[in-house]
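Pasting a structure below so you can have a look.
For clarity, chains are labelled A, B, C, D, E and F in written order, and residue numbers in each chain start from 1.
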């Protein structure tokens, strides 16, 4: 169960409105790597966690914090939209900068949200549940979390350079800091899973003896660059092997004859030249026509 | 530019058809962590890569391999669907096992695909482009790749236990092996980025001085479990600090007065008890009615 | 900012697992009228609310409760999936009831979620942000809320009849009760908005003088049934007028000549018979060919 | 079965083109609360209606009208796009107002639609079937209809302020009027359902005795504002009770031990401090490794 | 403007309910090639048509018919669901055929639709507006229409074999017939566009002189099969040329140096071996760190 | 299995950056008729093809070429974005042309893609798998291919007019040429299927005797235009018949009485006037309340 305090985790007050930036900030709310994603990813991982204790608690602490980040961003968006042009006047049309603002704003923030934030990204695509993962395997999931926080901090850093409003920058400095903590935290939690003996570096910690032993250590060169062999991955302990000219192992990818009731095109005795014998035509026609 | 050979990278031939399993395998084709995702993720990362050489070559080698994995799975699905019930007979209805198969099959594999694979997951949701990321920052992206291969191998391992067909298992043993290689490869490539001096562990390698120095090392306890402090993350080098009772730093999350032209509900002089003065009503009404 | 307690708002413990029902319950988690929808709808409405006091507090109280409902349902799903068949044995295939379960389960709850809940509905479609609305106009939004709680209680009632597990029924009895409260609450809040003088029954409280006075009180009979006039809506105070044989008011819905650079098909002098004159052809061809 | 007349229900003729506004109008065509939504919602409700007579006729009358509203808007969009810049000239680039228009237009209206309307909203997201509901319960559905018409008139009103074109305004005055009628009509139909004895205010009219009697009349204060108790909802007949300090009723939200074949992370004897005993590690490893 | 008659275009009455088939029929309602698609495709094409007369009239005639097809199918689905199991009894669980039905039904038809049809396909994915096209170019669009009717008749034919209910088969015989007419009609309309001189076989009828003259008649062999040259396409009038060993014409697909403010990974002087010079590291670090 | 060469199929080098155009070009990458669509459509058709030889080889040749087209466009986008404004300076805000560029750019190309292409269309909607079809019936699929290439060349032609950059135009001239070849190729392959006797003009080549013989040759006039009869389709061989005043053939589209457990609104003895008898109310209430 959850409780809410009306105070924000951190202040979210721009010095002045900026409707174009309000659109860009939507990426951090409803983008694939925005705060709705980490909120839901950590909540579902916490609820799906089968190890009581430190891992589950860390997940729920962080998930609960992230709901508050959506709140901060939604508040910021509403304030950035204050006074945004909501009526069309003759002056607006003639002023080129105003025209640019009118053209570049997120129209739904006005028409749908009445000057508020939306659960969408900076292109207006709604957030959806396929953005997140909660597999029950903590190593797989923490790795996804570390990746999400990396993309999240990267996007925040890019947005940081797209404004010079001190109030916005102050909030983003807080967000950058939290993304730094969370990256560290998941990277350290990955180490902890291994030092606890719960997981090993390859996910899942199973089926190593059953997997194909010949092809679990080779890089297949399938593009004509040759530098794929020149990385550390082909050296040191447990080096990967680089195959310069790998050949396909399977036969041709043919599909079986179709069920006549599905009316797939089929020609049982077409030869390699693609010519079709008269008898085959009759047979096919009969098989398909009835 | 690409070229194709008709031979599969590895054989994809089941011993016998299994239409229920053909549905489950769709997850590895069009699921969020299926082969279409890694194909497109690595292709776009390769095309978006600004470092010529080993990293780009590795991306393009692996991307090109993954297209062939989609091919193997699509071929396997078509073969698993061979002879699947496509017509309704009286016998089928009465046989309970057949009834279960009819109920559990992916209806679109027959109706839409004519007995072939679809670019969808095991619940029929089509693959979409928001599943992938190609940010131009190789550390962020390789971390996403290592996470994707972890989820991918995990799902493959789960599916491995859901069949006892030797032909399917043989192919999945190959897939497990490739997922092992690719996990290793991206984990090693992450180390390489750091040893090359191109990136450091926190993404992006920037804005460390500008980010909020007070909040870039603290875990906020916002759930009532207390084990969040008992992980390795609060110990060793660069330990994170655990705040037992963190308090919000911002003010309340209020939104500004709405533009009258947007017709948001607004009551300028409502007091804390929520009562409304007559004059305010008149003002609001006038502002809104015209 | 939010805080979390590990205890559930209400117990969520089934007497026995039921993987088919675990799939159906997904509708209450990630369906268009599930708990993720009301959570996000009330959160965004609360953040977008421009009237401090009772309305905003009620929104935030209810939103915060709903996050806990997602938690209860996610916990219930994980418990209903305990021991669900995750491996394929010869026995399973031959047992028709087991075959039916295997066919009817949500395959992603196993393959993707590892036996946990997903942010999707009962057909596997992910929740998305277009399911919610937060317009800033409280009457419009509270009406949407009352509608959402009505659909939500209706779906819960239907699901209540699809199980006889006492533990599941106990939780759903709680959910039904909360949906009853929330329906009442939004219906009463709608009255409150009107008694406070903030809104009137038609949304928005504006443009009544400007809207078309001739067509703001008529029902157009456009289907051949004639009972549309026999409802209370054509009687009493402010009755609507029923037009037995309404005629279109506009001209034909023609589109203008296309810009040649867009290559739309166009024939400037085609006559009513659709024949085309030679000169027109030449003109069109020239305009389009270059 | 349907029939079509080529005349529009109301004239849709702008005085002059306005490509930026053509983009905004897409919200009323393909937005979540646009005309495609009410068209499809009323059609499916009508087809799903189990009460012949006035309710079904009203649904079909209104549904059929709404198809014509999509038609009016699509026609308006095509006319607003007449002469929109479809070629790139040196002059266009240098003129800042033209540049703003080029940047703010919906690129798909030109590239995909050839200067015509699209079944998408103002951000280009396609309309989809999850926007609508047709539950068979008329009270639940009419409440959704009243809510939809409220959001629809609100969005129309906002768009009305974003243009000063007399032709556009005339059509929107008609649309506002129709939204007024339809709001009234559904609100009155809700009363009718109750006066006919078919439904009562809480949806569905069932399970009142079975629902949890202790929790069907309480507001849980879960946010720290205290004004949630100061609304009319805690007064008058059938008042709701306000719980100042509600406590969770359930136990912790734990998930059961995972099936080993799903490879979830699990540690059966980890203690509350999160430390892991050696034997447990071995057991887990063995369970998972094979 | 549209009008509706309550009689169906053709009878839609099954002899007996069949909930599994009710799910499959959803494909013809809300699938990518279902009746909602052709309805909306023809409506938007009709509204977007710039040639008054026979083409536009044919579009509007057919579009209007298709709305009625959605109606027939929705009615059929409701009737096929009559008496479908909506409560869970002990008997149902034990009967394997009933268990299979319970597992194979569309759960949303009951939970969401109350026993009615949904605007979704047979896997529950909602219909969406990107399924259709209305480009303004009639040849491009009629070709899409002929393709849509082909897929539609194919799916109908497949579904025809999946039932032996005489009532369902009778309706599908009508649908097959209409799909036959509509295929013919669009194929003939394509010929008409050409005989009217409005379009020529290649869309659009423009830019033939400007397109690359060297590459507008060659098939590139990029897969190792060699039968691509053995079709009629390399013979007769205007034969296509088959390139046995085509070579790429462009240079490498490199991307430019990234803007430092976007924090892409970049290494200006990395050599072909992928090693990194110390100075470069310093430069990169400085450029990126600040 | 696939292989990759680093050289592009054709050069993709703009003379100068153009971030607004980079957004528009996304339509050709991730739009419904963009290169990702034809890539995936031909790949899945090739894998699903049951006729070995010329048809399958042609599919795989073309599919493999199309992957390279995505590559060319992605490279072009990255180069068009070189130097696009990624930081906000005071000068940028004041310069109206720069402001227009800032407003009209795709914000995700910077924030998410770091200056690279995305798997989305020009409105930012991600590509998804429902855009494609691979039915196993080659005539149905080749018709879809010819339609896709027509829309593709049309969109390319429109985009060709929206730039005057010689480098972009050169690449689009190549793309136009390839779209010309591919249109011809699929049109010729359609003829080939017929001349080989594998398919006949109506898809599928089956059920002609079983389909409704009365309604497989009539155009129903359901719109009030009368020119639908004036096309070639009502003349010549196998003319279609034009019904001036067609009447519905079915009865009313009623839905059956709902299952009480689904709580649909139902009134068994309501008369045509919509009045409700007291006894009916009681019966309904009882049936529904329990």
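Everything below uses one rule, namely that contacts are C-beta pairs under 8 Å (C-beta built on N, C-alpha and C of every residue); 3 or more make two chains touch, one makes a residue touch a chain.
Being a predicted model, the structure only gives us computed values, none of them experimental.
The chains that touch chain A as well as chain F are B, C, D, E.
For the pair chain D and chain F, the fraction of shared interface numbers is less than half, so the two copies use mostly different residues to meet.
Same interface as B-C, judged by over half of the contact pairs sharing residue numbers, among the pairs A-C, A-F or D-E: A-F. Distance between chain A and chain D, defined via averaged C-alpha coordinates, is recorded as 25 Å.
Rounded to whole angstrom units, the spacing between the C-alpha centres of chain A and chain B is 6. Shared contact sites, meaning residues of chain C that touch two or more other chains, fall at 1-9, 32-33, 47-48, 53-55, 60-61, 63-65, 68, 71, 74-75, 78, 86-87, 96-97, 99-100, 103-104, 110, 112, 114-116, 120, 123-126, 128, 130, 133, 135-137, 139, 154, 157-158, 161, 204, 206, 208, 222-223, 225, 227, 230-231, 248, 253-258, 261-264, 272-274.
Taken in their complex, chain F has these residues touching chain A: 1-6, 47-55, 86-90, 93-94, 96-97, 99-100, 102-104, 106-108, 110-112, 114, 120, 123-126, 135-139, 193, 196-199, 204-206, 208. In the complex of the two chains, the chain C residues touching chain D come out as 5-13, 32-33, 53-58, 60-65, 68, 71-72, 74-75, 78-79, 82-84, 86-87, 110, 114-116, 125, 128, 130-131, 133, 135, 137, 139-140, 143-144, 146-147, 149-151, 153-154, 157, 160, 173-174, 176-178, 180-181, 183-185, 187-189, 191-192, 195, 201-204, 206-208, 210-223, 225-228, 230-233, 238, 240, 248-259, 261-264. Those residues of chain E that touch chain A in the complex are listed here as 154, 157-158, 161, 227, 230-231, 261-263, 272-274.
Across the complex, chain E is touched by residues 1-9, 30, 36, 40, 43-44, 47-48, 60-61, 63-65, 67-68, 70-71, 74-75, 78, 112-120, 126-130, 132-137 of chain D. Across the complex, chain C meets chain E through its residues 20, 23-24, 27, 31-33, 96-97, 99-101, 103-105, 121-125, 154-155, 158-159, 161-164, 222-225, 248, 253-258, 262-267, 270-276, 278, 281, 284-285, 288-290.
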